[in-house]
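This is the structure, below, for whatever I ask next.
In this document, chain identifiers A, B, C, D, E and F correspond to the written order of the chains, with residue numbering beginning at 1 in each.
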């Protein structure tokens, strides 16, 4: 099976980290197709950028949907996830969604550990969107700056491990979810240094995409997630506009 | 004071309805600047279109922000509302948000009445985003098609009134919120035919924008809604890209 | 339009502060009618006093209802707000309610800052009554005594500003709501010293009352907020008893 | 031990029904002191009347507090319950509170059955105040009028039984709570005609008051329910005013 | 009336403490039948042990049900409480359930104070099962080990008192619930050293069992708590198997 | 990798259905080890039986834990799931848990469709235990009896399909979860007859177990899910007793 791993950011080195973490978790026979956003922001870090990145997600899915069995949106906060599920026929998972749902099966409460304090408020909103606030023990972020988003996991490795152990001990978090695409792959390298299990969102997203493909879910024919009726538009990316117009 | 009433849809006749309803509620001295989206969809009717419309909202705000005292995003589900509050310095309200919050002051529970059953699931999500699900008695929609979105309130006037009365009686809704920009202005014309108070979202948005301007709120200097640091981008609308880059 | 600003406490100097803050926010053409409770407590500071003050609120509304277009109950915790909405025909807002709902449009989470720790538990109950607990980041109170409730905002100005900045920074509150009628007017004078926007409840109540008048909501003819059927009573204030008896 | 059963309504025949139901459930050695409100409404049936009745509750408790070991507020919606707990030193339970909490021990979900549709919205608010909404399967009310509130349980006996069985079957309610003081005593007489257990609120209130006395809880010395500091007042009932003034 | 006080643990000295606390609170004429688990764990201290203890609870109830009027399950977390209510005809209360519900009548928020930090996560789950999370201010536990579970209340008396006072002051808890069967009887001896009321779960369970007996609730004939249809089984305790088989 | 699929019921033919559905979804290289409970009930259908079945689950895991990489508890309501996660070192998923979490990735709201109305109340409790009530649109059950639990999916195929389509249309459920181990395998055969996607809980459990193995989560060293300290016991199954005693 082929899984599209879609980075809505324009930073290709982050795509590489995501793809590597996904590949390490893939089942035999799963092929990963990793793509980087052709336009947008270097990395999505707030609600405004998630809206802009969300539009790019839909453009990228319109481009690649017919070449894969499922897709994973691999950025903070699952931009455009709900809309993508309405519009396209293949199963689509969000990286944050996959990380949180997987964490639910490893304990009673999870904590999110991330690298920038500016992300916390938006992350809380994201958890509430998934209806999982009762399972969340804490959202903890470093208060340090960083030299390069692509390498933030190397730069702050020790601090991220310490923060994970702190939230496990102080907030009673049963599981740690490292969040933010730039942290992809970190969980595997620090597994034995953290006192509770750690979830890698990129790996989780890949496994959940595999799970959905295996279940062979039908595209809804009725309800909120059926494909919308054809509609004209102005000024959208051509492939996306044609898909929306059902041309 | 000048209030930007921003229609993220490309249908100018809907903008006219919104602007008229807002004007009818405006205080002396309030000027309404109504603009229609230069690109996008004729009307936003699902999550996918809200993402695309949300990107257009940010472009329009980048264009018009310096000419007004506050802005109202006048479309279903408040596309890009959170992001707009992060990015820009003026107060910004959403049309749905304003309608729901205003309704809270007229009773204990509100019901949303709208014209298309396809909107219900997404509307529930919107109410949850605002944290108001405990105040919502019901979301009720016509199951009829319509000839023109701009004139749906005329075409289905009697059915919308009947549905409003039905939800007041059966769901115990203390207040009705007519939702969807195309219903702007309807509340005033059917006021005496419905047994409970009715909120017009366009009028509510205008009044709430006036309220925010009067309170003179400061742009946050810290936290989730401070203006983000400068960031480069690729392929965004030029004025928006420059605002994001702080150029 | 005429707005009744009703202070259910017997301290006239607090009424003056409330009225001044409301006037500063009023639209052209809005007249404020400020009245002080003729009996009761000097200021309401707990649940028991809110019950007693609530009865006074209903007496005052029975007295003044026909002379105004709307009313604002200007005391801690919105005493008798629900009952007043049932009993009377004009729109009625609570000062706390207005402050909280307005704050929702300036960020994702608000914090209440008040001057007495004894108010916190009751305030939490009030926020829950409005169904807004998910939007509340914190309730913070000074632990200092005060010489005069009417002048507490002058006496503790610096400490209130510091507490507001502390809750914005530590609790992630996007907006500050100064609560308690004695703090009316403070927000405007300290606006530039606090890093996030600040809501003045008296100003917010006035603007929300204006908004309701502009929307021209009908008195409910059915349901929980229709005017109750005529009922006899014993020992109530005469004007209120007559209104309840529909004489 | 002596338990004050306090009817905040002025209808003495309802007091008799409450007292009889309480006596039937009392332990050996428990004496019931039943009192009727000296002023107020014949029966409390909405939020406005609950505020007025609440003020009477505090007056009655100021009068009788030193003659009993505990008190039960025996009216719809527990008027002034929170305030009474702040102000007085003896344990105080509400009739609705006692009925709901007791019902929780007889199943997973309860339904309230009452005699007037006008009470439903307010009842929901009361359940939320107690934080028990997740345990509530339904609130069901007759839509019939009644000749006399004191005899409504005789007049509508068959319809109330039918409604109780209907909500057990259709809403999945594991327990029925007959609500409203006028229904006191009904549960015992219809016990064998309803397919699930039925709670009598007057009996439950008596048993819970006995339980609190047996546990010998201390009056809080700190926090939200400690006795408030002395405060002057104007125009309150003399005994209550003196208690508030700590004279 | 006879109340079965059932200790699902095998430690008889804890049974003695529970029985003594219950007896001290009993009404005249109430007889307490205290039994200790014939098999299982010395004390239940996690979810796994609660499952195993729960099976023992059902065996013990099958053995003793016909000799008593009601039963109290006297262990951490109310093992098998829901199942016991389905299977047997007598009223059954849980010790934790009774403590929490009783605490709700003594303030707005309770805190649980217990002797082992390992119990906190499971306790939170238990509170959520009862739907009472909104009434819970905190769960606080000693972080000390202990020499003997039966005597932990003597060994750590001073620390438990200090922790109770700390949570009342810092978490705003209006009531303290000492939790865990080994703490039975402690509340009465430290009552005057703690600034807010304290609930003894064993005493509360006895009083609630008395209350249920006095209300004479019918065994449900329909719904989730009616007695299940006869079913065969393999390898269960003989008396329990026969009750399940309705032999 | 080897996955233990553990049927806590004694009906071997149901185990066969579960194993077949799991195998159909397995990745290359995944081996399924299916075992049937050696003692207990033919099928778990209420809370009481879940407690008894839960004790059997722990016995079975003690027996088989060292021979597999992960385990799935394949019965209604995930008996003993939390306790199993505490006690054992391998990843363990519940069949209901896996079905619900997987359904969350296929839409916004799921509905459970099952074959016996007696299961609904308990199922609601199970959903709340997972904290997923906001994602649940409905729980719908046939009201028909059945000849054999093992063949109920054949006997009632048409009615289950009709009920699934009905809940999708009327309750707005975006996804259907067929629940109860006896329905394992049904989803695949009726996929094209139901208008929205359908989740098979056995297949979902297998995929989620695979996902957890691929993520290589560490056994918690601290907190609620670390392995409990050694403890003696009486009368437990020998292998389980030894594991608890850490012998």
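Here is the rule we go by: a contact is a pair of C-beta atoms (placed from the backbone, for glycine too) under 8 Å apart; a residue touches a chain by one contact, two chains touch by 3 or more.
Bear in mind that the values here come from a model prediction, so they are computed numbers and not experimental data.
Under the touch definition stated at the top, chain E and chain F share these contacting partners: A, D. Look at where the CA atoms of chain A average out and do the same for chain D: the two points lie 52 Å apart.
Put simply, the C-alpha centre of chain A and that of chain F have 27 angstrom between them. Centroids built from CA atoms put chain E at 44 Å from chain C. Among the residues of chain A, those touching two or more other chains are numbered 82, 85, 108, 120-121, 125, 128, 134, 172, 174, 223-224. Pairwise, the chains that touch each other are A-B, A-C, A-E, A-F, B-C, B-D, B-F, C-D, C-E, D-E, D-F, E-F. Of all the residues in chain E, the ones that touch chain D in their complex are 25-30, 82, 85, 91, 93, 97-98, 101-102, 104-108, 130-132, 134-135, 168-169, 172-175, 187-188, 191-192, 194-200, 203-204, 207-208, 210-212, 214-225. Per the touch definition, chain D reaches chain B in the complex via residues 120-121, 125, 128. Residues of chain C touching chain D in their complex: 10, 38-42, 45-52, 54-55, 57-58, 79-80, 82-87, 118, 120-122, 125, 128-129, 223-224, 228, 231-236, 244.
Interface residues of chain C facing chain A in the complex, by the touch rule stated above, are 108-109, 134, 172, 174.
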